[in-house]
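Structures for review follow.
Below are two complexes that have subunit A in common, paired first with subunit B and then with subunit C.
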Partner chain A sequence: MRARLYSVAASTSLRERTMYLGNFTASMLTYGLFVFIFSRVWAGAYAGRSEIAGYTQSMAVWYFIVAEITSFGFGRYFWGLSRDVKSGQVAYQLGRPYDFVAYNYAERVGGSLADAAVILAEGLAVGFLLVGTPPSAGGGLGAEILRGGLLAVSLLLAGSLNFLLHFSISLTAFWLEENDAFYWVYQKLVLVVGTLVPIEFLPDTVAAAALWTPFPYLSWAPARVFVAFSPADALSLIARQLAWVAFAVLLARAVFSLSSRRVALNGG
Partner chain B sequence: MAAIVAENLSKRFILRVRPQGRFAALRALVRPERRIVDAVKGVNFSVDEGEVVAFLGPNGAGKSTTIKMLTGILTPSGGGARVLGLDPARERKRLAWSIGSVFGQKSQLWFHLPPADSFRLLGAVYEVEPKLLRERTGALVERFGLAELMDVPVRKLSLGQRIRCEIAASLIHAPRVLFLDEPTIGLDVVARKEIRRLIEELNKRDGVTVFLTSHDMGDIEKVCKRAVIIHHGEVVVDESMKTLKHRALSRKHVGVRYARPTSMDLPGLSPLKRTEQSARYEVDTNRHALRDVVRALAERGELVDITVEDEPLENVIEQIYAARSGAEAAAVTRGGSA
Partner chain C sequence: MRKWRLAAYGRFMAAAFAANVKSVIEYRVNFLVQTFGMMLNNAAFAAFWAVLIGRTGAVGGYGFQDVMFVWGLVSTAFGLAHILAGNVRQLGRIIMEGSLDVYLLQPKDALLNVLLSKTDVGAWGDLLYGFVVLGLLPGLSLERLALFCALAVPAAVIFASAFAMAESLAFFMGNSQGIAGALSEFLLSFSLYPEGVFGKGLRWVLYSLVPSGFVAFVPLRVFRSMDWPLVPALWGVAIVYAVLARAFFGLGLKRYESGNRMDTRV
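What follows is the complex of A and B.
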């Protein structure tokens, strides 16, 4: 374990990301707009109804606010990784004495922590303005602190899972000149399966099937930890996230191992 | 001791070819067309520790592919290589501790951060102890004249300044072998000169083995003691710069000017340029003794001036590059015609 390397890589990336505050403007504007639009959509959907599939209108809005943090805070890995492979910039990294997957995780997720923190802060502020306080953690200050801690862990695991899946998809650039289509399919599945609407809103069979895929653990899991908090459920969701992260680590390592044998860096 | 050895080193790429014509995309789906490209065809050479070797070739000759195989980034399709006694393909990570590389068309520095941040990260990559890292960074800053640049974001540096930082960054772990892939590309005359001086100094003071690719003849003539020329994926020249110049530069340019219009016909020689009173000949000294040519020209009329110049090395390299095959290219250096 090379703790010093990975912490320096993460802090360097974080420093670069925070060099210009303007870096966050586009994603903050888009995220704020999405949250506002969905709050209006839910206002229409909840007209005359107090809850849908166990969610009140306030819960549905807060769900969306938290579920979108993975996409907006930890969502830009595919483009950077694919570009580095296609341009040959990856040559420098391949020639270094470190674990390629772990280094990229530290560097890229490290930089994303700034985006995730900014989006989370914006989400809390916008949520308060639109629907008031979030659903209670049920148990006073101690429960609120516990929820906050478990939410942070769940979001970090969601971001890590997102990175590892992006990593595996982007490395298909070693085989294919044009691999964007894989990403588009992946992104749409992430949106449909647990980001735009809670899994519980889907038909039972679809929801049951979705829980066997990694997609709900990118957005549904942290959002559930926040809007329907119970320590036991939160730990169960986090355990499932950990299992998917472990699977995604193996997948990323396998894809890297296969693709690094196919490196073909032409033209300098 | 040999720092770098390449034995029958080969790399074959399989390219997918996009067919032309109607329904080409559909046809490609059913029966994709592929083309085999032998980028490097069994090259052999070795570089001793402490040598500075130029690795030359036209675009697409296989230079960068060879460097990437020597640094372990690409796996050879055939043959093998040893760098500092290690097999780059199998021991890439182990080798990485002892080699440095600069790819002139790519950057290892963080674009929006000052170079100091990249140096700190590279120190962590190569596990350089913080105290030693400070000492090494200080020494590199002094030697490369980076004091004023270390806290300026890389994107604000000129290309010459950036390349100085790139080379310094590649030395943070004191590598024994340095691979420089076109380090002076795009630099102005002053910056090129400065980079050459730094490379020479690195080699002389620290004994670093330097394996350099460049299209700039100035780099090669000033810095390198030996040249390996690769063309069509084959090594066509592997000689000391001195030998290369003497063997290859068998052509002289003879210029002559007379006081009045003169007949300047010489049997077997046609002038490159000619006016009524002057002419310029390219003389292949393997075919015509220079002394006989000068004497014949002197006898033609009243001489005002006569000059004899070596053919520029660049022209010879150009002829090698223009050759259609490895054998043809090799013939150029043996004094034959391309």
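What follows is the complex of A and C.
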């Protein structure tokens, strides 16, 4: 019964998002611009060398294309959630007969599926134009299909993890009205630890430490599944993403449980 | 007569700035959070460049200090443009909604009036970031600080003029927010990356339609060689862009249709 409710929330949000195709224009233009600029930056960085930290120029460009999908496709939950808390709109949902975390996940991530699909399609097209075909999955059509499937799973987990962490940060608005600073710090850590450059580019100690944080599993994991595919590595990355999603679910529920005690609902 | 008009506009700009500063100070926590956030945003890219240049050496002709200077200068100029002309990114929406009337009925120039009537709180972080970066670069001196300021002002005028032109497209296209946003994003993004990586094919665009050359590439060359004689040329380019922005806005104004809205300025 509940599952049907959440799937209806997700599909309604998805249909609403795809109703106006102009909604995608701004993010598509910005994403395309970034991919173009970074493809030129990588061309400059790879001048006179064929490999950096195990990545060829083509791998680095395709890495960036996939790593940015989480930010562009599944990236803007904080502002909406935080605004709902600050404006009191959240009170409307708290009294409803559904799980607050699950409902918000279904509604917001459901709508994001359209953004992620559009950005992925654009990324593939722009990538082909800029650097040609992506690195091979290394085993014919079957391996390519398997890679595509595991990439989709990895991206969905990255998007889910991003939502849950945004959710936890946004609910700090129950204590601090000016909670934007927490989000800024989070967003920049995501950018530096695995989005702009693969974590293999970071100094060894920093890269080793980063693997114990959730940040690489938002962008590095799906990008790595795509550019350096092996079934065993991909499954290992997905397993680690699942572990972080499980942790983030517990965190989101704990933050919600604590914060919802601070809500005073008055009729009217 | 002309001298008096310039003095009056100078007083008007100072009064608008003072009013905007007062409104910022009213929300101190918000101001500090936004300032901190913008500086953090810029610092994240500094980390990216440190990692990349640490691995590869110079990229597109830029070493780490060059990248930091460009980020600092562009950040300060972008911040200054949005502190003084905080409405510049809202101009298209104001035109589209037919809300220009309140500015048209006042005796001051409509474009200047609408641009100066608001400030962007987060822009203070951008403004300060450039000076922080300059302070961290080796060889800080009064002359370098003066040159930095002399380069930041025309760059800010070019930013504001280019954004105003992009937003003025709303006179001709109605809802031009997508294209105006893209043009603005292009200008900012191309300015922040090494000129050398873009190749010769894009050069004419980067010195005309998207004037990154005048807000970042040429200022870097000037700063590297402390080439003061080129500074007036950049001020001249800035004046040309300002005049073009004013002319383009004036051209669009002939097509403007009021939204018959009741607006007040408080």
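To be clear about the criterion, the second predicted complex is superposed on the first by the 262 of 268 C-alpha atoms of A that agree within 3 Å, B and C clash if a C-alpha of one lies under 4 Å from a C-alpha of the other, contacts with A are read in each partner's own complex, and residues count from 1 in each chain.
By definition in this document, a contact is a pair of C-beta atoms (placed from the backbone, for glycine too) under 8 Å apart; a residue touches a chain by one contact, two chains touch by 3 or more.
Everything numeric here is computed off the predicted structure, so don't read it as measured data.
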Just from the overlay, do subunit B and subunit C fit on subunit A, or is there a clash?
fit
With both complexes overlaid on chain A, does A:A246 touch subunit B (first), subunit C (second), both or neither?
neither
Given the touch rule stated above, what does A:L235 touch, subunit B (first), subunit C (second), both, or neither?
neither
Which partner does A:R49 contact after superposing on A: first (subunit B), second (subunit C), both, neither?
second
On the A-aligned overlay, A:L29 touches which partner chain: subunit B = first, subunit C = second, or both, or neither?
second
On the A-aligned overlay, A:E178 touches which partner chain: subunit B = first, subunit C = second, or both, or neither?
second
Partner chain in contact with A:L202 - subunit B first, subunit C second, else both or neither
second
Which superposed partner A:K188 touches (first subunit B, second subunit C, both, neither)
second
Superposition-derived angle with apex at the Cα centre of subunit A and sides reaching subunit B and subunit C, degrees in steps of 10:
80
In whole Å, what is the nearest CA distance you get between subunit B and subunit C after the fit?
7
Which residues of subunit A touch subunit B once you look at their complex with the stated criterion?
2, 4-5, 8-9, 12, 15-16, 19-20, 87-89, 91-92, 94-98, 177, 261, 263-268
Using the touch definition from the top, list the residues of subunit C that touch subunit A in their complex.
29-30, 33-34, 36-37, 40-41, 43-45, 47-48, 51-52, 55-56, 59-60, 177-178, 181-182, 185-186, 189-190, 193-194, 196-199
Subunit B residues within the subunit A interface of the complex
13, 16, 39, 60, 64-65, 68, 71-75, 92-94, 96-97, 99, 101, 103, 105-108, 110-113, 117-118, 120-121, 124-127, 153, 181-182
Per the touch rule above, subunit A residues touching subunit C in the complex are 22, 25-26, 29-30, 33-34, 37, 40-41, 43-46, 49, 52-53, 178, 180-181, 184-185, 188, 191-192, 196-197, 201-203
